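Going by the order they are written in, the chains are A, B, C and D; count residues from 1 in each one.
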Amino acid sequence: MADDLVRRDAVQLNLAGAQTILAAAEAKAESMDLKVNIAVVDAGGHLVAFYRMDGARPASIYTAMSKAVTAALKLGDTGPVVRGGAPPDARLNVAIENAAAMSGGTFTTLNGGTALVVDGQVIAGIGVGGGTGSQDEEIGRAGRDALLQALQGQ
Amino acid sequence: MADDLVRRDAVQLNLAGAQTILAAAEAKAESMDLKVNIAVVDAGGHLVAFYRMDGARPASIYTAMSKAVTAALKLGDTGPVVRGGAPPDARLNVAIENAAAMSGGTFTTLNGGTALVVDGQVIAGIGVGGGTGSQDEEIGRAGRDALLQALQGQ
Amino acid sequence: MADDLVRRDAVQLNLAGAQTILAAAEAKAESMDLKVNIAVVDAGGHLVAFYRMDGARPASIYTAMSKAVTAALKLGDTGPVVRGGAPPDARLNVAIENAAAMSGGTFTTLNGGTALVVDGQVIAGIGVGGGTGSQDEEIGRAGRDALLQALQGQ
Amino acid sequence: MADDLVRRDAVQLNLAGAQTILAAAEAKAESMDLKVNIAVVDAGGHLVAFYRMDGARPASIYTAMSKAVTAALKLGDTGPVVRGGAPPDARLNVAIENAAAMSGGTFTTLNGGTALVVDGQVIAGIGVGGGTGSQDEEIGRAGRDALLQALQGQ
């Protein structure tokens, strides 16, 4: 009911779930011969667990985190906003970045942030930094899929 | 009179007025099956009242606020700057966004910020975030119109 | 079980619940002849609803929000940290403030942030700004108590 | 030799080492019935790995990180500066905190940051947040000792 004061069936990610995601994403990156940073945040955008693989760029710590937070708080995977099949509109995407700066600069339109959806709820964001946008995306999705499969097995 | 030291008939939005705007905007969004964030700021760009509808993106809190502040402080609805009927100039608008970033992300060229004009004075900005730019605009205008109608009835 | 990947009985605050809190806090402030800002954030520290009462200080928008976020994210009411009954240690509290600045400056040791606990979970933070610390606290608690009572009636 | 252009025997922490630290610190916290955030940063103060235990305060993410960075970059455990056996000087330590605020909240005088020293080199900082200062310290040292023992076994 729209008038409910609270919702009582919300799903939350536990540390064990985040570790499952990190292990699978790390294995995927290794199979691609890449060294990346992997961040998992909860639905509120707060860090649950993080791994930086040996040799991965420290600078990508921050893009990984920003991608994870963005996926969690925009309720969807990250990337430039595209409207109606047209190529991404530079102005629109700069405008989104800048408006988001009100939050303290946590948002990004970079690719590589993946939303984890369980029971129709976005319960976490997974952010990967160190490869190209599409490589980062592939690694994050491997982490996401590992958790979804593990949940089906329970 | 140009020499008046102060103006004594300025109009200011009260909390009850902001609540009228929020309720009408929320009802409009529900009728469109959308979940949005709605911010109402005063003429100084400071928050008066805010609602995040259940299921709306937390990331759009910040775009909604940025749109509201921009409408209040530029004394007009938000959107890309258009010169002489030509399509918006990406460079010009990125430049405006970049300059605006000096404000800390306060200003935006996104659509969806509506100025509330009463007796020829901009007394508030209404910002909506969560739909497309034109959906957000439609929702914000429903809020504005509800207040204007309520004022006529008084 | 500690090994659970996710938790499925988490409680979330809805907008209707936040409105219940705001209305009760506003009524309490009126009864005390005070004009305050009242912010309600979810468990992730993201704004759900906000009211600034007519005549309340715009500067207190930010203290109200900071108090609400702090209560949500530290899982308890705000205020200076006290250890062992001794008077608050200035160094300890400045240190906590500064360490927290890593988050972008959202945390505070001011009084007036109240954690809303339902089924043993902190599901929201309520922040009030405009009175003294103890007045703000009293107003926030009136909001919290109104929601807890409404939940008991359901 | 002082004239060497580079040093060739520097020790660096790997991700596997950071995971050893996190696992031992987490086990120690569980044995104390505490829920904490644990951060491990490298000698440059950049995050290598992080765990937030279920139910730990999100606000302590930032204090844990700040403690870890401080231990790594001041080359020693964190805590208030003490001069000549006297009790900590509040003014001195507030001054240090305030100067440190220039770093954006990176540095802290809070207890609970532990420097990891291998072959006479500080190779990492371990920061724990969620308990009292001395509890956090005890948990961080358990993580440090686990790594040192594992290295001796090699």
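By definition in this document, a contact is a pair of C-beta atoms (placed from the backbone, for glycine too) under 8 Å apart; a residue touches a chain by one contact, two chains touch by 3 or more.
Just so we're clear, the structure is a prediction, and the values are computed from it rather than from any experiment.
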item: Fraction-based call for chain D against chain C, same above half, different below; value: different
item: Separation of mean Cα positions, chain C and chain A [Å, integer]; value: 28
item: Euclidean distance of C-alpha centroids - chain A vs chain B, Å; value: 30
item: Shared-contact residues (touching 2 or more other chains) in chain A; value: 2, 7, 14, 42, 44-46, 73, 105
item: Chain-to-chain touches, reported pairwise for every pair that qualifies; value: A-B, A-C, A-D, B-C, C-D
item: Sites on chain A touched by chain B in the complex; value: 2, 7, 44-45, 70, 73-75, 83, 89-92, 94-96, 98-103, 105, 107
item: List of chain C residues in touch with chain A within their complex; value: 2-14, 16-17, 20, 42-46, 73, 104-106, 118-119, 123, 147, 150-151, 154
item: Touching residues on chain B, where the partner in the complex is chain C; value: 14-15, 19, 42, 44, 46-54, 58, 61
item: Contact set on chain B toward chain A in their complex; value: 54, 57-63, 65-67, 80, 88, 90, 93-94, 97-98, 100-101, 104-110, 132
